[in-house]
Structures are given as C-alpha cells and as structure tokens.
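In the two complexes below, chain A is the common chain; its partner is chain B in one and chain C in the other.
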Partner chain A sequence: MRNNSVSAWQVGILLFVLLLTNKILMLPSLLYEDAKLEVWIVLLVLFAFEMGLIVLFWRLKVKYPNQTFMSLMQAFFGKWVTKIFFVLVMLFCLGKALLLYNVTYIFFKSVIYKDANNLLYLIAFFPVVVHLAVSGLRVVGRTMQMFFPALVVTILFCIGVGLLGAGETPLAFQSTGLALTRSVFRHISAFGDSIFLFLIMDKVKIEKGKWKVVFLFSTFSLVLVGAICMVFVFSYSYTSFMHPFALFEIMSYVKEYGGLGRIDIVAIVLIIALTYFQLALYLRMFVLSFDNVFVGLRVFYSVATFVFLFVMLVTFVILNVSKTILFGEKVLPYFAVLPFALLPVVVLVLLFGRRVKEGEP
Partner chain B sequence: MNVESLFENVLKTLNESLDVASRLIEKKDGKIGMIFLKSMTDNLLFSKAVFEPLSKLDSIEFEKVKQCIEPNDVELVGKDEIVEKIINGAVIVVTSKSEQFLAVDLLKFATRVPSEPPTSPVLMGPREGFVEDLKTNLTLLRRRFRSQSLVLEQASVGKITKTQVVIAYLDGVADKNVVKKIRKKLEKADIDGVVDSYYLVSFLSDRPRSILKQVGCSEKPDIVAAKMLEGRVAVIVDNSPIVLTVPFVFFEDIQNSNDYYTNYAFSTFMRVIRVFAFVMAVLGPGVYIALQLFHYNILPIKYLITIADSTQQIPFTPFIEILFISLLFQILYEVSLRLPSYLGMATSIVGALILGDTGVKAGLISPPSVIVVAIAKIALYTIPEQSAQITIAQFVFLMLGSSLGLLGVVGGAIYMITYANSLENFGAPYLAPFSPFVLSDNKDALLKVPLANMNKRPLSLNNKNVYRCNDDEK
Partner chain C sequence: MTSFLKSLAKVPMFWVFMAICLIYGTTSLGMPAEIDRYAIVTAVGIDMLPEEEQYEISLLTFIPIAEQGFAETYKVVSSKGRSISEAIDFAGLHLGREIGLSHVKTVVLNQEILNENLSKILDYLSRSEHLVSSTKLVTTDASAKEFLQAAQSLDSGSAIKISELINFNDEYIYATDSSFESFFKGYFGPTRVSVMPFLTLKSSKSEGLTAVGDQGEQNSGEQSAQSKEIVNNGDAIIFKDGKQKVMIDGIDMKKLNLVHGNFNIGTIVLENYSDDHFDNATLTFEIVEKVMRYRVDYQNGIPVVGLSSRLVVTLSEAENQQGMVAKNIEFDSVDQKMLEAIKQKVKNLMGEAIVLMRDNQVDICDFYTLLHNHNKREFSHFLSLLDDQNDYLNRIVFKVSVDVFVK
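Here is the complex of A and B:
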C-alpha cells in the first residue's frame, strides 16, 4: 500500500465527500420525524459538533505537525488504552459502513434493482471499494479531486431542481425542545466522520495559510447537506417522513425536462458514486486503525477482516429497512460517544498536556 | 599481412553470407584488398571513390592508400572491429604490407523520403514525418533545434539486432533524472532484437503489464520537438518512423498538432469535443445497455416506445445484440487493415452497409443498437492514439452495464480512474494536470490559451527550467 501525503485541497475534498454522503439519502426524512420543520436547528447543532472536531484536529496538527495520532496517544495514555481506542474506531467505521451500505441497498432495491439480491450488490461494491482503499491515500485523494467538479455540479443541479418543486412552507415552530434534543441524539451517529483526519494526521501536509481550504470545503459540504435537507422538507412538507430517499425524492418531484426523460437518474448516479467513495473511506479508516492495533500485519489481513465482518453482518444481521433504521437510531448513536466525547477529551489532553517529543514512545 | 586469409576469416565470421563482397587489386609491391557488404554500401560511390582511385595507385604504401581515399569518411580501426564496421556499411581497406585497417563509411540503403505520416495529417503546419532511417530522423530533429541545447546520446539495444537507439533531450530543460532512468532502462532491456520502437515501450514503462499507454509516440518531428520543449525526452530508434517520448500523461493524446496551428478558441472547442467523444466511446454502449436493461423508466416515453418497437422482434438479449455488432465491427476493422485498400473499401461497404442493413431488416439486430455502436466506434477514432485502450474499455463497460447497470458503469469508471491515478510515469502523474490539479498546466490541457500566454512549461513533468523564455523569473 502506498501511503503518500495529501495536500490541503485533497484533504478538503476527502472531507467534502465524508461529510456529505451518508446525510443526503435517509437522514433528512428521519430528521423530520422528530424535528418537523425545525430540522435546521438540529442540523446546526450537529454541524457545530462536526466543525468542532475539525477545529480540534487543526490545533493538534499545528502543535504536532509531523507526529501520528497513535504515537501521541501512546505517549500520554500508554499502549493498551491506545489499542482499545483504535478498536473502538474500527467498530465505529464498520458500523457506519454497514449503515451506509444498507441504506443504499434499500434505496437501490426499491428504485432500480428490484429483483437483485445482496450478493450482487456485494460483488458490485467490494472490488471497487477495496481497490480504492488499498490504492493509497494520495491516489484516492486524486481520484476524488477528478470527480469533485462533477459531484459539486450534480449536487447543485439537484438542489436547483429541488427548489423548483419546493413549496412555501413557513419556518414555524412545530417541535419541542425535547424532540429536538432526542433528534440530535438519534442522528448524531450520522456525523463524526472527521475522525478520519486524526487517522491520517501524519500524511496531511498543509502549508501555512492553507487551513482555510480545509474549513471551506467542510463548511461547503455541510451547507450542501443543509440545503438538501431544507429543499426536501420544503418540497414534501408534512409528508416528508413518507419519502425516505431525500436526494432522489427531490429530483423525482420534477420528472421530465425538455423531453430528456426523467432526470432523477442524475441523483441515482450521484448516490452511486458517493457511496463507492464513502465506503472506500470507511474501509481505509478501518485499515488505518487496524494497523495501529495489530502493528506490522500486512494490509491483506485488515481488508480481509473488514470484508469478512461486513459480509457476515450484512448477510445475517441487518438487511432490511426496519433493522437498518433500528441499527442507525438505537445502536449507532452509542458509537458516537467515540468522536464526540472520547476523542475531544483525548485531544484536549494532548493539546494542554506536556509536549511530546518526536519518537517518544 | 595475408589479405586473402583475412578475407576468408571475415567471410567465415559472417557465415559466408551472399552479400559479402571483396575486391583485390594487385600491384607490383603487393595487394590492396577491400571487403564490404553489397547490401549496405553505396556501390556506385565505392567504384568511383574507392576502387578507381586505388586502381590508379602505383604503390600499396598505407599512407598513400589512406590519402587516396581520404575525401570519404575514413577511420582507422583495429582488427577486432572489422566485422562490426562491415555490418554497419563500411568498406574495409587493407594492404598486404601493413597491419592497419581503414574503414570507409559508405553506408547506403533504400529509404523513404520524409512525407506526411498517415497517422497524423494536419490541415495547416508541417507535413513531414519521420522515416525508417535514423540519420534522416536526427536531421529532421536537428533542423528544429539550431542551438547547443539539443543533446543526442547513443545506445544500442538488442543482443542480435544491435539496434541503434538515440536519446534526445534539451539540456537545461529536461530533467536529467529522467534521462538517467531511460539510460538505465535501455541498458537493462534484455531482448534479442528491436525491430521497431514499439519493442522498447514495455521496457520504458513503469508498469509493463498495464493496459494503459505509458509512453508517448509520434511520427511527426514538429510534435516531438514541441514535446521536448516542454521538457520531455525523446527516444529515437533506428528502422522506426515512430519516436517515443517520456514522461507521458494521458491528456497528451487529447491534444493534437492541429491545435497549435489554428485559433486557440477553436482548439479548446475541439478538445472538449474530443473528451466528449472519448467518454461516449468508452461508456456509450455500456450506458445504453444499462438504460435498456435496468433503468428504462428514465428514458423519455416516446424514445422508450421507439426502442420497444424496434427491439421486440429481436431474438437475442440486448447484451448479445450489442456484443455481436461490436465484434462484427472489430472483424471489419481487422479486415480493412490487412487487405489492400481497394479490397478494404469493398469489404467495408459489404460489412457496414449490406450486413448492417440486412441484419436490421432480417430482425437480427435493432436500429438503435446499430446507431449506438456506430457512434461509439466513430467517437473512438477522435483519439486514434488511444484506440486500443478504448476498445478494451468499451467491452469491459459493456459487460458491467449489462450485468450491474449504472452501478457497474459508475463503479468501473471509478476503478479505472483510480487505477490511472496510481500510475506515475517518470514522476509525472498520469492524469495530470487534472488530478492532481495543476492550475498553470491547464493553460494547455482541456483549455488552450494563446501561445503567447503559455510562459510556463508543464509543472507536472518536473522540468529543470519552468519558464519557457524569461529565465529571470525562475
């Protein structure tokens, strides 16, 4: 595996994809169930959490420009605490990958491939996802850089088309504070992907003054998530909870243009591309964490472990709509303790604790 | 020295080849002998410039012999070099009184006159192309660089053919590390013979088994010169009209020599068309079949009815149908390449018009499928340099589209681009200047700005001198 460095632009694009993908399909509809028209409040809170993680990473990277997160943790907390931490990260990545795959699977099954089975999806996804993940960070960064303009144009197109079908729903307060808090907790697991930055800390090479690129891309990504959510809610209003696939639904609201046929295919292609990238990044995160737990093992073992666990869980445990939603809303939120409680504490200790020298065990 | 026995030994060493010729001139004080290959030397010049003057000599003194033929390219050689010199078109002159040998370079063989290469015709701009003769090719290149910057290094590759290879680059422009790497790769090339420059491609490639093209090639001296000015290194092989250039990036093939001899806005437009054609050629049949099999509901209803009408009588599945038409096209392509041009035309008419039309009328293939394959195949030749790779990719995407629909096509595209991104040819990223994005290189990538505004050489090639003209700006 080639582990080369990535530039500020590439980090920004990686973050853009990470922060966007798993929030544009099922999340808006689920958010509406609790938060009603106050979805934007929940989103603002969750965005603040996500941006907070990126700020923490920025401060840590400025303090320790060349060190790995693992070496810093080992120096402060010892070998075993570090290993346990990275095992949790592995589980977090696996859980998020499972949720994303299941959501996409359900989407494809209900929209395109009605007769296809899980095996076909696994065959379609895994060769590409594994290839992307093992090609090295720089290669993945470059590939996403290549696709980035197309992704942005397509998303903006979807939002634009969605706006044509959006109604004039007022921003009335229909939800209670408790419901909003519950919504934040239920869906916090859709966030926290910025943990990826900590795993690639030593490979991130950002020159002075280029940090704004990273913040710009992450903010842009979250703004797009917010825009998709709001366009979706404005389009379907009180029936939003009945339409599970937000990005697709806002496109299918306006079906034909200039005799060109249904343009919801644009959303389908976008979702396919983003899912490939996101799954590859989760696998990459798993591989990086695996390397920190089982030091010195070949990449084959980490990929094989991920694929084995993934296939087993997908095949035998959670492959239908109700189980997927249950998994996403009841199980995964506890995983969010890792990026939003455990990780900030660790980073704060590293930031305000004594300075660790390079090479210090 | 016994001239006859020396010639006998040389003849034996050359396996008594029938093109070995020797001449003996007997004088009062001894003999003058000449041995050479009839097939490699200029026989007329030999008679006039060597044989006749030597016949008129009254003595066989070595110095006199040398002076007599000195207007020619004469060189003193050792006994162990005789055979090599003869093979390379020299006439060896010896006298019975001396132990020294003279090699007179009279190399001549039939060669083409530089003409417009059939692979890259231009509307405007130079029309001459490289030929099979190394000397002529070097002249064509030297004519474009009348400065001391042009460096030509010689190498020999091929254990049996001992083919002459010249590494050409511009001093102060090309990266010396690239030159060093090429030299090493050529030294390591373990091959018995190099009959064309393409034989060296796999030795110069960083990943020889990759299906992606990793070495640039051109038949035109103006293109090679332009590439060298950008910092690339050329590899010129004797007996080949194709000159190789490295480092190679994919977007080189999107560019065309016509782009530099016409309006820049039109060039940009044509490059966009080429990229569009490339995407259509690679993905066209795959996307069509994916839409037909999996996503038919997204098609406009009128078009859907047309497709349904035209395909309902077809006995084959859409995949078999498209595959059949594509294979038929490949067969026609192969036939038209191998047959003489007059027969090739006839075959194309029979294949494309009669077979296609009759196939549709007989209900074996549908008109939309014929149109899709035809468009994809025509689009393929907007970038003829990439036709081999595109053809393979077309079939791969056809299979992906028919088995997995758009999921497969998008996955395949991501896989392909990731793979291309993992290639770095002599330090240049394969998909530069788009990934990684290099702003200044985009002045001559998909967009093309006027030449006056292109003040920098491509940064993705690791040039020694980034600025084209103004060295002070470095």
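Here is the complex of A and C:
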C-alpha cells in the first residue's frame, strides 16, 4: 500500500469486513421474524443491492481512475449539493456506528459482563477505534490484512461447528410477498456499506484484471452472511426470537448440546475483533466526509465531532435492546435512501453525463 | 532502557493501555469475590400453592465456602412469591446472596401446575440471560421441593444425578429431549406439542431407573432421615399449547419412538414365539440401527403418509419355555418366520403409536410440517375441508412398511 493507496486485495479485505460485521449478530433473528424460512429471498435481494453499488463503483472508477468522488460531484452538482450529500454520509456513518456499538454492547452485557456500564465499554473500544481511524487507511488496511486469514478461518470454523446443530426443519412458505418486502425495507440499513469505496475513490488503485478479486471477496463475505443466517434458522427455527445473537448462538447451541466446552468463546473473540475494525471504518468514513464538508479543518475536529455525537446519542438516546431495534428497523432504513437511491442516481449521472476533466472544479 | 522507555512514552496507545490497566485493575481489585456474591443454583423446583395464590420456588443451591479447598455444601432453599421472579428475589434474601442461575441443569415442575399454561410459568426462567436453553425440564408427582430434597444428597455425593437421569432419557428412551429449547420449539411450532419426562418420588423400592438419596430436612432443622427414590420409568407428559394433554407410560413412549425415529437404542419383545429352536419363547431384540423414511402422496385430496422403517436388530435375550436353548442361535442366520414375526410386531407397535397420537390429537412426530413442506397448496386444501382442523391426524392415511435385518 504505497502512497496511501489501496490495492485490489486490500479493497477486497476492507469490503469483506464491512459487509460482514454488522450482519452476524442480531440481523438473522430479526430477519426470521418477518421472513420465516424464506429469509434467503430477503438476503438475495439485499445482496443484489449491495453488489449493485460495487458494480456502480467499478464503472465509475474505470471512467475516472484518478479523481475523487467529491470533485466529480462538485463538477456536476455544485458545491452546496455536494456538501449536503456528504453531511448525509456523515449521518449515515454515525447512525450505523451507533447501531453496531449498541448491538455489540448489549451482546457483551448479556453474555460476558452484565455489571459493566457503558463507560467501561466506551473506554475499551474508543481509544483503539480512534487510533485506528486517525492513523489512516494505510494502518487500517495493513492491520486488517494481517488479521484477515485468522478472521476467515474463525468464521468458517464457526459456521462448520454451527452446522452440527442445524437439524431443524421449520415450516416453509409461511411468509407473504408483503412480509418479505417489509423485511427488505426494515433491514436495508444493515447494507450499503460499500459507500466507503466512493469516499476513498482516488486512493483505490486496481490494476486491469484485478477487479475480480474485489467482487470475489465481496461475494464471499455475503455468502458467509447467508450461511450464518441459514445455520441459525435451521438451529433455532421457532425459537429464533429468543436467541438474538446469531453467530454466538449457533456456537452456543453446539456447546450446550454437543458438550464442546466453551467453544462459544471463539465467536466472542471474533465479534470483538470485527467490531473494532468496523467501528474504525465507520469513523474513517465520517472523517473523510467531514473533510469534504468542512474543508481545511484538522482531523481532530472531525474525530471530536464524531466522538461527541456518538457518546451523547449512545448515552441518552438508544442504549437498550428495544430502542436499538426500534432505531435499526424504524429510523435507520430511511438513511438507506442515501446508498440505495441518492448515490445510484448521482453515479448514473456521472457515468452517462459529460466527461469531467481532471482538476475541473 | 531509558531510550526504550522514552520511545514508549511517545506512543499514544501505550498510555491508553496504561489507563485501561489502571481503571480496570483498580475496579476489579475493589470488587467482592464472585463466590461471596453468588449462590450457585444447580436445580430449581416450582410448586403452586393455590390456596395462597402463590408460587413456591425451591432452589438446590451449592454454596461455595473458601477454606483451604472448597467445601461442597448443598442446601435446598424455598421461598414464596406471587410470581416466579418475586419468589427468586426472596430466596436471594434468605440466602444473603444473589441467585446465580448459570449452573442450573434441571427445573422440576410439580404435576399440579401442569394444567396452567406452562409458558407463562417458565417465562421468567426463559428470559434469564444466564439460564442455558439446554436446561432440562422434569415433572414429578411429588412436590418439587420434596423432589429436590431427595435430589440434594444425589447432587452432593451419589453416583447418579438427576441431570444424568434425564440425559439418559434423551439418548435412550425419549423421542425428543426435554430442554427449555425443545419445549419452546414444540410450543411455538405448528403442532404446539412438547414432551417432558415424568419422574416419581417413592419411599419404597420401585421398578425403573432409580436414584436413591437419604433425605434430610434442611430448612426447619428437623432430621427426618427418610429414604426416597427418584424413579424413572420412562413415563412422559405430552403438552399441547403449553398445557398437559396426556400422560403416557414408558412403553407407549417406546412405541412413539418407533414412528419418530430420533432415538439411539430400544428393544422389541417377541412373545410366545415358537419354531425349531424355541417353544413359546419370549425373545428380546435390541435395536442396533434404525432408519426411518417418510413419503407423502395425495389420493383424492387425502394425504397418504408412507412410514418406512429399516431396522437392524440383534437377539439379546431368549427366555424359552423348555429351558435354555443349547444351540448358539446368535450365530445362526435367523429364518424368515422370525423376521416376519418381528416385522409384524413392529408394525403393530407403530400402529398403536399412531392411534395414540390420533386419539389425543398430539402430533409428536410433526407430520404437519412434513405435509406442509411437501405440498402447501394441497395440504391447505385438505385442512380447509376438515370440520376440526386440529383433528387432521385422524384424516391422514398412514401406510407402514418395515424391513428388519439381523446383525
């Protein structure tokens, strides 16, 4: 990763973590509640949306290999529209970080340390997350690259172990088209993380013929999400709603019924590592968007803004299960307009509009 | 060294690490030890006191006392409350410790509360983040408190423990296990049927799998020193919609196992069998392997379920009228007549199991899901034609076929 640029492999690894982390805890249980066994249909639709974003990025990157997304937007839509767009991206990142942190906090509080308060978890998470984010894309990318093989092996191990407990055959064809559509809308905000690619567009350096690596890693990540969901559904079926933390629960099921000691600790460690990376990436996205809105300010201000808003919102607004689910299913889906409606429109205009020359304001 | 420390001091993460160590380290040093904070509960008993409109909770509790080693002190503590959570809170007050439920292996329910909707009674425990979902549920004819008092000595010293008795059931006797998870899967599933083992508490020796404990009264301080036996005859209670529907004995449970398929072992007893070697003999065959296959077909809109069972058996006992058979028959090939007799016996047993399910409208084998997933439209049409949709088992045609092989 020279000159702070990212190669195809590194983009692939970043996408792998981004597309996986926020979908392996509460999402499978919530999806089953609406979609029942047809949860795979909802997943396929949402996967298609996510892959659509990556395809749009690919086409845009091929057309404008060296330009930033911000400069392209400014050339087409003007300064203020661009600033508003990036403010929305900031809100989107903040919202997703809030949801991820809350889900992880509730998970740890339930299964590890019920007496711990929010401050303790904030102290455990934030210094490392902030350090990762402000150290730049290079540090985040290299750290992820280092951990990547271990992460993949551990996830595959969890799924493999989970398969031992997946013996239930629940009722099929229970959900209606309306229920599936509702489920797609409710959980669409768990997707759309590929927006990160547009923020680091000028830093992405992918050689010809290497794009398949990016698509392969993204697809692999989504396939793993699908596998975790289906293993969870076939393990718990009708009692899925009683088990909100999918990856942990599929390991826990085998632990309890297979007598495999504390094998669920593997899932806990994996969730900790992934959460650190994902929160760092959300903060990085926030910082990059902040820089585009408030040009010339030091990174301190963007990080301080994020941390201040984050701590305030976490502490006073959504720090419990019901509020977290309400926030994730009723509020955050409207934020998904950004990656799945606004962004595609912008990209299509950039793709089919006149060609913007490099350096053009 | 000095230069190393100076360079370390320039790394921000070093200071973060130091801060975390200081904050967490001092916090944990100031906290009381968990063994002083928690009473570790290994079994919970639930009784209902209708006259007082209260629940009585009994907790088989292990109180760790740190000396040179850890003395294992078990105690049954009871408390009453208008709800389970209130009763458990009071139990905590009696013990002077928080109630730790993470080590609970068994929850004992008195038979009298089974007519209530059990899901309501188990609500508190099922919501507990610490009670594992594989915790076994057991019903008993005695009060749950007495049951736990009998179990107390077992848990502290005996070779057989209650949870082991139930584990034995899971693997060898029952068609389904009896955990919280399986109870709620049945309750929330399409059949709304769950099964729970029924253990009896008797003063004298009884048949069945028993675990004996010398019961000493704990709470009042009186020493009754009465010998009690927890007897497991393989009996079970079948629940529908969370309420007791029917109680069946171990023999009927074995029949159901033949249809259900999820069991590891069992026996088939052939009575009054005669051939060249035997004269009115009682032959017991052990099932070594069993493969059950279901096939669904519709004839004139009526579902026909084919139950095809493939059994591998071995002769484990022969009681001949004319004394012991001198010939080493285990090594002989079993003739066609004997195979036919076993097949017929298994068919009859499976037929009786189906009648039992039909009569009580309890679809233990979950034929509902089988039929629904096979052809949702035809099955829905079939159900719509029924006067009582709960009675679907009586309208399904079952065709049983059995293949027996001798090992």
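We take it that the second predicted complex is superposed on the first by the 350 of 361 C-alpha atoms of A that agree within 3 Å, B and C clash if a C-alpha of one lies under 4 Å from a C-alpha of the other, contacts with A are read in each partner's own complex, and residues count from 1 in each chain.
Convention: contacts are C-beta pairs under 8 Å (C-beta built on N, C-alpha and C of every residue); 3 or more make two chains touch, one makes a residue touch a chain.
Predicted model, so just to flag it, every value in this text is computed and none were measured.
J.: Who contacts more of chain A, chain B or chain C?
T.: The partner making contact with more of chain A's residues is B.
J.: Kindly classify A:Ser7 by the partners it touches after superposition: chain B alone (first), chain C alone (second), both, or neither?
T.: first
J.: Per the contact definition in the header, classify A:Phe173: touching chain B only (first), chain C only (second), both, or neither.
T.: second
J.: Touching A:Lys323, do we find chain B (first), chain C (second), both, or neither?
T.: Neither partner.
J.: First (chain B), second (chain C), both or neither: which does A:Met146 touch?
T.: A:Met146 sits against chain B, while chain C stays out of touch.
J.: Touching A:Val128 in the superposition: chain B (first), chain C (second), both, neither?
T.: Both: A:Val128 reaches chain B and chain C.
J.: According to the stated criteria, A:Arg262 is in contact with first (chain B), second (chain C), both, or neither; which is it?
T.: In the superposed model, A:Arg262 contacts chain B only, not chain C.
J.: Have a look at where A:Thr239 lands relative to chain B and chain C in the superposition and call it first, second, both or neither.
T.: Only chain C; A:Thr239 stays clear of chain B.
J.: Do chain B and chain C land on any of the same chain A residues, and which?
T.: Shared contact residues on chain A (touching chain B in one complex, chain C in the other): 120, 123-124, 127-128, 131, 256.
J.: Quick check: in the complex, which residue numbers of chain B touch chain A?
T.: 294-295, 297-300, 302-303, 404-408, 410-412, 414-415, 417-419, 421-422, 429, 431, 434-437
J.: Of all residues in chain C, which touch chain A in the complex?
T.: 12-13, 16, 19-20, 23-24, 27, 126, 129, 132-134, 181, 184-185, 188-190, 368-369, 372-373, 376
J.: Per the contact definition, I'd like the list of chain A residues that touch chain C in the complex.
T.: 110-111, 114, 120, 123-124, 127-128, 131, 168-173, 236-239, 242-243, 252, 256-257
J.: Per the contact definition, I'd like the list of chain A residues that touch chain B in the complex.
T.: For this pair, the touching residues of chain A are 2, 7, 9-10, 108, 112-113, 120-121, 123-125, 127-128, 131-132, 135-136, 139-140, 142-143, 145-147, 256, 259-262, 264-265, 268-269, 272-273, 276-277.
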